[in-house]
Amino acid sequence: MGFLKRARVKSPWILHYCTGGCNGCDIEILACLTPLYDVERFGMLNIGNPKHADILLITGPVNWKNRDVLKRLYDQTPDPKVVVAVGVCAATGGVFHNCVNTLGGVDKVIPVDVYVRGCAARPEAIIDGVVLALQKLEQKNSGGVAYATGTR
Amino acid sequence: MPVMSTNLIKNFFSGPATRPYPVVKREPFPRARVRLVYDPDKCTYCGICANICPAAAITMEEDRENLRISRHYDSFACISCGRCAELCPQAALLMAVRTHEPSDAKVVEHSTSR
Amino acid sequence: MQQVRVDRGADAFISPGALLKEVELLASEGVRFTTMVCLDVDQEFEIIYLFQRLTLDMVRIRVRISKDEELPSISSILLDAVLMENEIKEFFGVRITNLAIDFQCRMLLSAKSPQTPLLKVRPQSQSLGGGE
Amino acid sequence: MTLTWSLIIVVGALLLAPLVGGVLRGLDRKLTARLQGRMGPPLAQPFYDFGKLVGKSHSVSSRASVAWAWAYFLLTLTAFTLFFLGQDLLVVFFILAFAGGALAFGAFSTRSPYARLGANRELLQMLAYEPILLLAAVAIYFQTGKFTVHSVLEAGEPLLLYLPLVFVAVLVALGIKMRKSPFDIAASEHAHQELVRGVYTEYSGRHLALIEIAHWYELVLLLAFIALFWAQPLWVGVLIALGAFFLEIWIDNIAARLRWSWMVGASWGVGITFIVANLVLLSVLA
Amino acid sequence: MARVTFPFGPQHPVLPEAIQLQLTCEDERVVEVLPVIGYMHRGIEKAAEANLFPNNIFLCERICGICSFIHALCYCELMEGMMDVEVPPRAKHLRVVWSELSRIHSHMLWLGLLADSFGFESLFMQCWRAREIILDTLEMTTGQRVIQSSCVIGGVRRDINEDQEPDVRRKMDAFRKEINAIYPVFAKDYTVKSRTVGKGILPKEQAWSLGTVGPTLRGSGWDYDARTLGYAVYDDLGFEPIVEDGCDSYARMMVRLHEVVQSLELVIQALDRMPKGDLAVTVKTFPEGEGLIRVEQPRGELVEYARGNGTAYLERLKIRTPTFSNIPALLVMLPGCELADVPVITMSIDPCIACTER
């Protein structure tokens, strides 16, 4: 099982979802994939499909319409998974703290494992966050088979 | 079709442009504005920073009985705008260039006047 | 200078009844819709329609209606106004009628969001166009 | 060749192929990254991905899709085994077609519209490359008089000298099979596309790993087929196959994804005319 | 295959933001499009009424992180207009420099995403790598990569001083080399052309009547760019809008590609002509009355309207963002196209949902 365990931290596939932030953090996440920061060095791929993802990178303060989408994405992601809240508006709402249509933070909807600060979070901070997320991923256990996911 | 080829050849032979980040840390630009550093010893608890903070990351609380003011700073709400550092009359605040470390819990910093 | 300083009353208010006629006239001159602004003034809404001429300068029309009054939609003349009209209906509860596409106040807000968020003073009659 | 020998070859190939396939995929990703001015993942990345997928929990959206995933794997394995037993090329390609069909049916058996449209396109891809492979087998028959891999290995002269245009057509098929631009319409390994992950959308965990390993077998099989074009001595063929592999990576990086109609047009237009032209030329010259 | 309805989004790898397009397809052909928006709506206009008016700069900037500087600039110019504040000339030039740098970064980002949308991954990487030069310049001069927070009412907060200027120029030269290498790939590559030429036709007449702005409008042959209205110092810089009349995705792409080069020249010009002097004037009044402003963002014209009442709080701030007026065009361009072209056509208006929904 040693190899399987190591493989887990060597091959994190990420799913990136924006729940209503300003794009600032989203483009920094994309910047992490591009030559200058190239997180594929760590085996990371931006996979775009929750069923294949290990790490959820969530940005934005979560609005009412996004809440259910976010929950569904979280449920569809197979275990073990970690959630990284990128940017301060994903942590507390940040500058949108008094906006009426926001819930203020990803942790109001799904459990968050790692918070990355910054507005916008710098690519370096995002990489650090993912590295911490990988340490958390290593500690988590794999779940069993989940039949019939989707709309649960 | 082969218009991209020259770029590829150049890329291949000039080596990767990647900044090997966690291994080699790049020196931040001297005027980067990333993280707020607070010196409670200089602070007079005047409240200006709390009043102007656009993200309400700084809040002040008055304890009338003990004649004390507490100041709370939530770095998980701070948008690094640097307004407070600019306006603080005591220069108790300053924008530093280092990035924040990631964290697994949200912590609010507190300080209280004597 | 492109700053259009609008002093109050600088352009004439037209009555909601004359709105469609006026817009039709503008549309026949090749004017296109830019945006509209809704303001909540006590018991009335003030709605500013902004249009753009082919010469690229702006035309403004102002309409004032009381909060219970209905406002005809201009989307039958200028279709792209429909998004902004839906937004105003959603945010203020302005009773806009004959919308070309009616999102039923669910364009930007969801059922759980606070409804008519930009409305400051509730009308006495409480009969808002949408949201509730 | 004795029976024991061929058995040893087959078992060796079966054991080695995932290793070779994985390393090739790793090379592919590394090289792609370097062409893009990036550092890229470690060479062993495909194996890490595989290990991770095996260790992950998985969701099953329909039991049929699991069965089809296994069918895909086993059929690919059968085609692979037959090829390395030196059997009939036509049979090998037919079984490979069934394997591709299984992948598409697996996707059809789910409810995801992405998977279903991906499956549609997977079938279109098969429509594009299967005729090429089959016609290439026919061309080989014309040249060697037999359909079997054995006969090719025993033929004295390299096929490439007689079938250069067929070789080009097979390269097109390889591009489609490797899911590289401009042919990555059903699902792409990397760049984002409109179908999310196409046929793989509904697979996760170890079933995805299964499909991945089947892809490695498929890749090795196709490269081995390309190597046949210079079977005497075989090492030249292997070099040619590797060259073809790198050529595909290069093309992937200088081209955008094109639409399926273009793909079918190109593969039939270019592929089939090339093969037919080659055969006509051969018969005229002979 | 019968009709299938695809929920395209809200979470989808080719859409960098959350928007849902419900595509009804027959086989591969799109017959009907219904956008479902609201996934990014926050309620910024309401919050702007509750904030002190100078703080709205930071809120407006975060309407969207991609043209954050221009959002801030627009808001500041509007407030300055309403309060009759005269901005020092050096600040005006710096505003042009940073606006144009953000335009370049936005367009490069877009060009990359466009390449990604038709599966040209190496080109995506190439664009984003070139873009990092601009981001470095922005970080060096303003302190942050994407959210600059450098514009304030009455001027700017940061300066490009003498030690930095040569460095900025060097970076611009480096960027010019990059864009020269990227340009021919977009303009001439066969596969790129076959994915963009003739895709998403928006006839000139419709481009006007549907209310499109920015490169979408200019790609359909209209000579309109809000920069010609001459805010900041654009009227002194001899600015000419870039117009293409192909009316398709390729034309829109070429407009942006040329604008990158043009913006680069504008940055250099503004640097050359930058006078010495103050960075900002102190503002002691509060906004009163009404004001309206039009500013050109990478995606088109941004219209802001504000009404103040002489206190530190605004009565109303209305923001009409460019994508809001460009979305109706999508409904004309998408039906009838092939599913494979949906990402390309959607990207061709450069949709920014974050600012559309505020």
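Each chain carries a letter (A, B, C, D and E) given by its place in the written order, and its residues are counted from 1.
Note that in this section contacts are C-beta pairs under 8 Å (C-beta built on N, C-alpha and C of every residue); 3 or more make two chains touch, one makes a residue touch a chain.
From a predicted model like this one, the values you see are computed outputs, not experimental measurements.
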> By the touch rule set out at the top, what is the minimum number of steps from chain B to chain D?
Replying inline: 1
> In this assembly, which chains make contact with chain D and also with chain E?
Replying inline: A, B
>> Farthest chain from chain E, going by mean C-alpha coordinates, please.
In response: D
>> From the centre of chain B, which other chain's Cα mean sits the farthest off?
In response: D
> Distance from the CA centroid of chain A to that of chain C, rounded to the nearest Å?
Replying inline: 40
>> On a C-alpha centroid basis, what's the spacing between chain A and chain D, in Å?
In response: 34
>> For chain A versus chain E, what separation do you get between their C-alpha means, in angstrom?
In response: 27
>> Using the touch definition from the top, which residues of chain C touch two or more other chains?
In response: 108-110, 113, 117
>> Which positions in chain E are in touch with at least two other chains?
In response: 12-13, 38, 41, 43, 46, 51, 58-59, 62, 120, 122-126, 129, 144, 147, 189, 191
> What parts of chain A, by residue number, touch at least two of the other chains?
Replying inline: 34-36, 38, 41, 46-49, 63, 65, 94-95, 98, 100-101, 119, 122
>> According to the definition already given, which pairs of chains are in contact?
In response: A-B, A-C, A-D, A-E, B-D, B-E, C-E, D-E
>> Please output the residues of chain B touching chain D within their complex, sorted ascending.
In response: 1-5, 8, 11-12, 14, 16-18, 20
> Which residues, counting only chain A, touch chain B once they are in their complex?
Replying inline: 35-38, 41, 84, 88, 91-95, 97-98, 107, 113-119, 122-125, 127-129, 131-133, 136
> What does chain D use to touch chain A in their complex?
Replying inline: 29, 33, 36-42, 45, 47-52, 54-61, 111, 190, 192, 196-197, 200-205, 208
> Within the complex, which stretch of chain E touches chain C?
Replying inline: 37-38, 41, 43, 45-46, 77-78, 81-82, 208-211, 224, 226, 229-231, 289-294, 303, 305, 307, 315-316, 318, 320, 324-325, 327-328, 357
>> Under the definition above, what is the set of chain C residues touching chain E in their complex?
In response: 1-8, 30, 32-35, 37-40, 48, 50, 54, 56, 58, 78-80, 82-84, 91, 106-110, 113, 117-118
